Amino acid sequence: MIALGRTYLLATIAFLYLPIAVMVAMAFNDSALYTLPIEPSLRWFASLAVNAPLQLATRNSLLIASATSVIATAVGAMAALALERKRFRGRSLLRLLLLPPIAIPWLIVGTAMLVFFFWTGIGRGIHALLIGHVALAIPYVVLIVGAGLQTLRADLEEAAMSLGSTPIHAFFSITLPPLLPSVLAAALFAFAVSLDQFVISYFLSTPGVSTLPVEIYSSIRKGFTPEINAISTIFLGVSSALVLVFAQLSHLGGKRDSR
Amino acid sequence: MTSRLSRRTFNALVSGVLGAGLLATYGSRRAGAATAEITVLNWKGYGTDEAFALKAFADATGIAVKHDYFNAEAEMLTKLRTNPGAYDVVLINSARTQQVQADGLIDAIDFAALSNAKDLAEPLRDHPNLQVDGKPYGVAWLWGMTSLAVRHGKVADAQSWAILSDPKYAGRLALFDDSITQVGIGALLTGQDINNPKDLKAITATLKAMKPNVKLMWSSEDEWNKAFAADAFDISDYWSGAAARSIKLHSLPLDFIVPKEGAIGWLDTLAVPSSSTKKGAALQFINYMIDPKFYVTWATQSGAPASTNTAAMNALPADDLSHKIYKPEDLAKLKFMSALSDDRRQAFNDVWDEVKAFYAK
Amino acid sequence: MRSENGTLTPRGRLARREWTTAALLAPAYSWLTLAVFLPLGAMLFFSFLKAAPFGARPLQFTFDNYLAFVRRPYLIDVAWTSIQIGLWTTGLCALVGLPAAIALARATRGRSQQVLFLLIVLPFWTNGLVRVFSWTMVLREGGVLDYALHLVAPSAPSVALLYSFPAIIIGLVHAYLPYMILTCYLSAAAIDDAYIEAARSLGARTPMIFAKIVLPLSLPGLISGAILIFVPVIGSFMEPRILGGRVGVTMGTVIEDQFVQAFNWPLGAALSFTMLAVVLIIFGVSSRALSARFGAQ
């Protein structure tokens, strides 16, 4: 049964990586139009090396995604905690209010933000981008952390508190440790939401300040070159390496993980 | 209950993510700016942002040029309205000029400031679309057409737009996902005025009749190139400038044809937003953009639509592809797009959405 | 089971609890208000106008935009296609994702579990548009899938999935599967081993354990995942447009056309809010049905 489960899991992961493998392969393909058969070439990496705007855009994207991930996770996890653990009037309404940001297409939300930020003087720029990205990531964080919280037992915290522990202490010693996986997962997804968020970035960034998705989105009419594949490949490679390194580190120090 | 990912992993990952972010800011400051800086609002990769041009212009005038982009004409309007003062030069399709002018967003052009304007082809420079109360609200810059592109060697009988519903090419057609273009083609096929067709029902029926042939709808040059290179279709409506690039840069086997019913012409202009604070520099840039030297380099290096500047067109090498695409005898067959009222635009969009819903069924 | 904030709790503590709740909720909801609710409020206002209020145009109120489905009957077909796409995508994600999540939670542990989990998220740190274009490479005639099939079965007919309904579903399932795996994993990982051991010692077989313990306890994750998938998929326009070809016409693409081509924000906004209402109704009905079904357990 265990072996069957593992095989199935690996098959699922293989499905997730199928287009990623193609993306990587096309980064090494000479053709700008993704034609087959593949003619091996490093020319997209070479042209990437001298493409300063694209590098700059990638840096901006990473910066915004990191900030979005941290802010949205903190703010969203707090809200999830209140929504799952506290009883108060209007709770279901607040839950429902999480749906519009993900249900209304980005294009409409983006246009609405652009107009509203213009009216209120918030304007465009990195700050506006961050406001928009965090707002779009929050519902994902609340739902993911909320799903985590639903499976944890609330009575432990209450027991701790009835034994004289303060709510804050109870939170840090009882609630947070088992919740960390969902918080971490939410942070990873918030990062992904921000990295992928092209429409809002495109509307809210100031001329000259670009992010990677903006570079891609504004080139779709004319066409983007496999340089995009090359930079995605590098980024993916570095992230996977980091993941492996951290897993290694955590294993050395984290005996409590193994059962 | 044990945590699956320890706090240490979490800390390590978060600090890794943050570290990457901090690294990203490092070195992201750019070197000092030139004496003046203007911002252009345009399609990406549409001439004004050619690296050679920006360098030559900065060397000659000391003016640096920044860009912001739009992906649809409606977006251009939105950006212009919501960012007063942000832009100094904007690309406007002449069919939109009067609409933009009516909102008070652009200034009249002082042609005395443009030394290169003397060679602009008069019918284009003085095109009625650009005039409001006898004053020009844009400099005619480039023109081109949306016409028929077919796979070389596989489609030899393309003389009429009727080929779009020819059963011989079932499942081999790609259409531009754009309501004004498709209604325009429908109008050409039903013998109507592309700017003011009376019988939208006939157009709807004509477009619906293409269903067995339609394989996909494209919305970008890139998508078109990738699908054509992968042999997904043989016939499509396509832009003349893009056709030149597909042949020149990607060696795609296509023939660009103007059918007997005619093709849809467009004229793009450069205009100066009324909120610009650097109008002098903006006009200098526009003057450079209609300079034959700029055009010839751009057209021969990567492929461009036709210039409005007769001197620039004459300066192209004799064997240049542009001569094959922009044939003098086709000019008479072009129907230029003109301004549309909001109601008409909505009616066209409804026709196209209904046709697409029919294709999808 | 949970003690209510009942008679024994001092008043002061109750007030403090309310204060804590407000403090926990305030950052997220004020942020959402500033960045999403107020802007969307403006859009809601637009949706009752004849034209977006720019330039010197006078404000003209109308309810016409909400009659779009009456005026344009073909939109009903389009809406139905979108809902079908949403149901297929959500269903397949659940079918594929739940077992994968359970396998991840129960059949792996320690470091390999962490690495596998991160491996599931990593692909989504790449750009969605690039991923969609990569799918066109996989699905087209003569593409990766076709090629692989002919390696195994040379005489098989060629598979050309691109520009079809299944292509849209494959692309969307790929894009949203990680959300389902993630939320189900969080639920499945929290199942106490003691329950399963107890059941086993009482003689329960694996399918029984799955049906009676693992599945019901994973349900919260399944529901969160379904929301995270169904809601955005209904309005998606990129995957249908690029992978669907002729059949890729959805509410998402129709709304996009209103904004991009017709420049009719009021109609586009009205269609979005109608779609939102439909989504909310679907969720209202299904959550009622679910709680009636499982509430008793």
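As written, the chains take the letters A, B and C, and residue 1 is the first residue of each chain.
Just so we're on the same page, a contact is a pair of C-beta atoms (placed from the backbone, for glycine too) under 8 Å apart; a residue touches a chain by one contact, two chains touch by 3 or more.
These numbers come from a predicted model, not from an experiment.
*Asks:* If you take the chains that touch chain B and keep only those that also touch chain C, what is left?
*Replies:* Common contact partners of chain B and chain C, which must touch each of the two, are A.
*Asks:* Count the C-beta pairs in contact for A-B and for A-C, then report the pair with the higher count.
*Replies:* Pair with more contacting C-beta pairs, A-B versus A-C: A-C.
*Asks:* Among all other chains, pick the one whose mean CA position is farthest from the mean CA position of chain A.
*Replies:* Farthest from chain A by mean C-alpha position: B.
*Asks:* Can you work out the whole-Å distance between the CA centroids of chain B and chain C?
*Replies:* Each chain reduced to its C-alpha mean, chain B and chain C end up 35 Å apart.
*Asks:* Counting only Cα atoms for the centres, state how far chain A is from chain B in Å.
*Replies:* So the centre of chain A lies 33 Å away from the centre of chain B.
*Asks:* State, to the nearest whole Å, the distance from the C-alpha centre of chain A to the C-alpha centre of chain C.
*Replies:* 15
*Asks:* Where in chain C do residues touch two or more of the other chains?
*Replies:* Where chain C meets two or more other chains at a single residue, that happens at 114, 117, 133, 136, 142-143, 189-190, 259-260.
*Asks:* Out of chain A, which residues touch more than one other chain, so two or more?
*Replies:* 34, 111, 115, 152, 178, 181, 191, 217, 220, 247, 250, 257, 259
*Asks:* Give the residues of chain B touching no fewer than two other chains, as numbers and ranges.
*Replies:* 1, 4-5, 9, 71, 219, 223, 226, 230 - these are the residues of chain B that touch more than one other chain.
*Asks:* Mind listing the chain B positions that touch chain A in their complex?
*Replies:* For this pair, the touching residues of chain B are 1-10, 12-14, 16-18, 20-21, 23-25, 27-28, 30, 39, 41, 43-46, 66-71, 78, 82-83, 86-87, 219-223, 225-226, 229-230, 249-250.
*Asks:* What does chain A use to touch chain C in their complex?
*Replies:* Result: residues 1-2, 5-6, 8-9, 12-13, 15-20, 22-23, 26, 34, 36, 74-76, 78-79, 81-83, 86-88, 94, 96-97, 99-105, 107-109, 111-113, 115-117, 119, 131-132, 134-136, 138-140, 142-144, 146-148, 150-152, 154-155, 158, 167, 178, 181-182, 185, 188-189, 191-192, 195-196, 198, 212-213, 216-217, 220, 228-229, 232, 235-236, 239-240, 243-244, 247-248, 250-251, 257-259 of chain A touch chain C.
*Asks:* Note which residues of chain C are touching chain B in the complex, please.
*Replies:* 51, 54-56, 72, 74-75, 77-78, 81, 113-114, 117, 133, 136, 140-143, 162-163, 189-190, 192, 241-242, 244-249, 253-254, 257-264, 267
*Asks:* Can you list the chain C residues touching chain A in their complex?
*Replies:* Where chain C meets chain A, its residues are 1-5, 17-18, 20-21, 24-25, 27-29, 31-32, 34-40, 42-43, 96-97, 99-100, 102-104, 106-111, 114-131, 133-138, 142-144, 147, 174, 177-179, 181-183, 186-187, 189-191, 206, 217, 220-221, 224-225, 227-228, 231-232, 234-237, 252, 255-256, 259-260, 265, 268-269, 272-273, 275-276, 279-280, 283.
*Asks:* Quick check on the complex: what are the chain A residues that touch chain B?
*Replies:* 31-35, 56, 58-60, 62-63, 65-67, 69-70, 111, 114-115, 118, 124, 152, 177-178, 180-181, 183-184, 187, 191, 202, 206-208, 217-224, 242, 246-247, 249-250, 253-254, 256-257, 259
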